[in-house]
Amino acid sequence: MFLSSSLVDRIFGWIVRGAGWLSVSILGLITWFVAWESLPLFQKVGWREVFGAKAWYPLEGAFQYGPMVLGSVLSAFGAVMIAVPIAFGLSLGLHFFWSRALVGVIRQILGLLVGLPSVVYGFWGLVTLVPWINQWQSPGTSLLAAILLLGGMILPTMTLMLDQSYARIDRSAVLAAHALGLDMPRTFACVVLPHTRPALGAAISISLGRALGETMAVIMVAGNIVQVPSTVFDPVRTLTANIALEMAYAMDQHKAALFFGAFLLVVLNSLVMVGGWLTRRAGEGVHA
Amino acid sequence: MLERLPVLQRWVGDTRLLTGVYWGLAWGSLGLLGYWVMQLGLPIFREGWVGISWGFLAEEPLRSGRAGGIGSILLATAWIVGICLMTALPLSLGTAILFRQFQREAPRLIVLIRHCLDVLAGVPSIVFGLFGYAFFCQFMGLGFSILAGGLTLACMILPVMIRVLEESLAAVPLAYEWGAVSLGLSRVGILLNLLLPRALPGLIGAIIIGLGRAFAETAALLFTSGYVDRWPQSVMDSGRALSVHVYDLTMNVPGGERSAYASALALVLTLLIINTIALACLHILQRRTPANAALSLGRSR
Amino acid sequence: MKNGAGADAYCRDGFCVLPSRSFLEVQKLSVWYGERQVLKEVHASFSACSIVALIGPSGCGKTTFLSTLNRLTDLYPSCRVTGSIRMGDLSILEPKLDVRRLRKRVGMVFQKPNPFPLSIYRNIAWPLSEHQRLRKDEIAYRVELALRDVGLWEEVKDRLHHSALQLSGGQQQRLCIARCIALEPEVILLDEPCSALDPLATETIEGLLQKLRSRYHLMVVTHNLAQARRLADEVAVFWVVEGCGRLIENGPTERIFLDPIEPRTRAYVSGLIG
Amino acid sequence: MRCSLGILCLLWCARSLLFAAPAQEQKLMVTGSSTVAPILLELAKMYEKQHAGVRIDVQSGGSSRGVADAKQGLADFGMISRDLKPEDSPLEGFPIARDGIAIIVHKSNPLKAIQGATVKQIFQGKIRSWKELQGADKPIVVINKAEGRSTLELFLAYFGLKNSEIKASAVIGDNEQGIKMVMGNPQAIAYVSIGTAESQAAIGAPIKLLSLDGVPASIAEVTGGRYPLSRTLNLVAPKPVTKSLARNFLDFVRSQEAEPVIKELHFVPIVVPR
């Protein structure tokens, strides 16, 4: 019995380690396959042509990624800027102002919003948001539309993450603050905020990743013109939209170019993650 | 932390004002959210309610989805999500256990996995779609199939499931494990007796989150499980997921709006039902397990 | 019982105490957590008497010393242990040692009662069934035996299948001890077993320890000097020297308390410092 | 490890399902243009109903994919929403329907007809305001199609434009998206498949199909061969088509039986008598 159960333990260890390695290998596989599939672009077109390209006309052999990277980054950052204060306000309300029943309802709604397919958001953006913006400034399909829509889409995720981080605070710290006679804003500033700063960083970096990665909704509202926008009313194309728009019809080097776009997305996203780690580490430093 | 208090007092002499600002921010945000939910949700319910019926849920789509129902699509979705969960759950559970129980044995592996997962969690779903297309469909030769779609989704929801499972395992107090280890008990025993029973709510939570993600996903499935909207006969058939169906109806099919709304409503209702069932499960679990009851008592004390 | 009847057994408080051949030899034991050294070159040999008390101010490495004895230090990722500990035929710090068998022989009871969140019965039955292949009725018998040993049987026999977390603190701690002795260890390490309990429960536990002293080697970390004096046959005094925990003196209780060699010990036991 | 075993099991099940089925089933694979796919999907369903044991899989993915798959033998038929080009050479084309491209604007736009040259100038960005076309003093929102779409190819070829010359303010993927955009934007101009546009206009979408060079954009005009900006939807296959199922299906697609289905989808059927 004794020996056998220690053998079981050893086997268990290997199984679990295997699971771990498999999870790691997925990222490796993704990077590898995406890079591998984008190789033909550089074999057929050449590095210099790709990075020196002045426009994106894949069928005419021009592959310029810069504006799309910019489009992705701008729309994602804008969305986060919009979503942060609202998410912040909502999480405040959830913890300090609203009754339990209301809180329950709001959480359920937020949960549903997270699960709503992006197509539904996009459809709303296309038929409501874009015409609305168009009233001020044509064409309506614009960076602004993308920012607003993405902001709305990441709002539930962000709120729920902040909500969870508030809930995780040690009750006794809050009680201690109350015992010291601190009122709500001070409790918030002195107890809740310092405790949740790392979580805020995590929420922002994850939402940023979500916004960068959103595809279906952005296609419908962003206008998809490959250009560097000069105002928020100019249409832009994001890397993700580019893939979804052209993938179904792409052949050969065009397809490779799209895979390279995906590769750029992975790189971009890794940068966001590294940024998240750094801010979190800095936050922990402040905390200590 | 409290030493900051005087500074704060100097900033805002009267905190009633600040409370008011917070209050306003909270209600203002709620107002925005409410307005937006109305904007988003009302059309779905209003238009969708007309189109949805038992027949609609059971039939095969006709004329590209303008008529008929979404029966075959629901089935394909269920298969895709099922395969996805069946693959992702053991994998993520294993990894979460590795994090909890093998910290001493494999610290470097754990750090590596953590970083990889952080990156993986942010990889856009469309990249997963491309990867699935290149790896599962082409390299593994699965073609456009439910299997390929499910596996791609599994890769996609893996990080988030691991995160949730890990958190639920971490919520089990270390003291139990120490007690067990000091008695020389096996890891498997600790897992089965101490960790898993306590982490069961987390497990359910992970399944729900995974399900939600998988149901809502469009981009990753476009290039992997394909468009075919007929009854799938095996996992090697191409099958259209519900969210892809909604996408197709709104974007490719003239006059498909009504069905699109009805399908979207079906999707929302499915999510709602799953959430409710899960909540009920959690409720029952918390009431049934004496240990849990005792613990929550202990916590309140 | 474990050491065989020695010729020079002596009696104390009416209990027969077994011979004084040393059962635990500690040599040059040093422990680091990361860069910080918490125990420095501990040399000691504990004779096979029944209760050893480890005393000293907080942070002097008592608990760490105790944890090294059943290799619980393995659980700290950054912990490093050097030196040697011999217990009978066993070299405890040997890397290839079957740790689980060691932990069966050297049980541990923690400061805060930590019964498993299972039923009272399963709390004892699960460790038993993991270490030995036993029939159901044998397990039931052993559970009852262990519970009787700690005097819990009468209190819980009607609710064996209720959660152990519903017991009071003292009962929980006794259950933890029962969980340990059900495995028939040679040594039981107790890390301040009474510090989280009220005086009444403390008294019960002390009585229990007195009862168990004839069957097991007990090593008790305590902050309570009176308790150490009441319980122990032998006392080891730990002290913080230049930032590291060290064992500064050990010997029979009477000598440590009445005629210590070290001036710091004298000051400590007389309540002047520490 | 556990999960890879699971995958293996799944694969095995899948295999058994897969290989059990085709014994009594004949299979056809059709891939290609998303414009043609809906027609084939419907026809395939009808055909399957009439012939038990036949399964026809239709996958959309663009005309170029249809050609590639048919060339490689991955598909029995490729669907293309354009006329055959010389580089498709080893393949034989089978026209099944005709479709035109309509220039559409919002219903509130006073414009009713447009000249080809004007369209070209608008899309080149030489005409920027509706004012120049006797409309409101509002900028023109030009909606272009994404690279690779056959609608774009046809449009460019007809007007002799290069995609890089087009100064668009939005790029869209599918026809429906273009229509929805025009519905929401009174200043927009776009070009989409006539079938789609006409059917949408028929259900009440606020869009208007402009007549091009004096010919109204309608299915009727395409049928009559008068509408200039039109294309043939083809099935392509390596010649000769030998598989009897493929021949039969092809005949079915071009039979009178299939006519109402194609009409219902707002395309112009091409019937080839058997």
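Order of writing sets the labels: A, B, C and D. Residues in every chain begin at 1.
By definition in this document, a residue touches a chain if its C-beta (ideal position, glycine included) is under 8 Å from a C-beta of that chain, and two chains touch if they have at least 3 such contacts.
Note that the structure is a prediction, hence the values are computed from the model and not measured.
> Which chain maximises the distance between its CA centroid and that of subunit C?
Ranked by distance of C-alpha centres from subunit C, the top chain is D.
> Find me the chain with the mean Cα position closest to the mean of all the protein Cα atoms on display.
Chain nearest the centroid of all protein C-alpha atoms: B.
> Among the chains in this structure, which pair is joined by the largest number of C-beta pairs in contact?
Answer by contact count: the chains A-B.
> With centres defined as the mean C-alpha position, give me the subunit A-subunit C separation in Å.
53
> Could you grab the centroid distance between subunit C and subunit D? Build each centroid from C-alpha atoms only and quote it in angstrom.
Centres of subunit C and subunit D (C-alpha means) sit 81 Å apart.
> Centroid from C-alpha atoms only, then distance subunit A to subunit B, rounded to Å. What do you get?
16
> Would you kindly tell me how far, in whole Å, the mean C-alpha position of subunit C lies from that of subunit B?
Their C-alpha centroids are separated by 47 Å.
> Can you pull out the residues of subunit D that are in contact with at least two other chains?
1-3, 34, 60, 173, 177, 180
> What are the residues of subunit B that contact at least two other chains?
90-91, 94, 186, 189, 250-251 - these are the residues of subunit B that touch more than one other chain.
> Residues touching two or more other chains, restricted to subunit C: which are they?
Within subunit C, the residues that touch at least two other chains are 100-101, 130-131.
> Would you pull the subunit D residues touching subunit A in the complex into a rising list?
Those residues of subunit D that touch subunit A are 1-4, 34, 60-65, 68, 138-139, 141, 146-149, 162-164, 168-173, 177, 180-181, 183-185, 187-188.
> Which of the residues in subunit B come into contact with subunit A in the complex?
Going by the criterion above, the answer is residues 1-2, 4-5, 8, 12, 15, 18-19, 22-23, 25-30, 32-33, 36-37, 39-40, 43-44, 90-95, 97-98, 101-102, 105-106, 109-110, 112-113, 116-128, 130-131, 134-135, 139, 155, 158, 162, 186-189, 191, 212-213, 215-219, 222-223, 242-243, 246-247, 250-251, 260, 264, 267-268, 271-272, 275.
> Once bound in the complex, which stretches of subunit C touch subunit B?
Its residues touching subunit B are 70, 72, 74-77, 99-104, 107-108, 110, 112, 114-119, 122, 126-127, 130-131, 162-163, 165-166, 176, 179-180, 183.
> What residues on subunit B touch subunit C, complex-wise?
Touching subunit C from subunit B are residues 103-104, 107, 173, 175-176, 178-186, 189, 193-194, 197-198, 290-295, 298.
> Can you tell me which positions in subunit B touch subunit D when the two form their complex?
62-64, 83, 86-87, 90-91, 94, 144, 147, 151, 226-230, 233-238, 250-256
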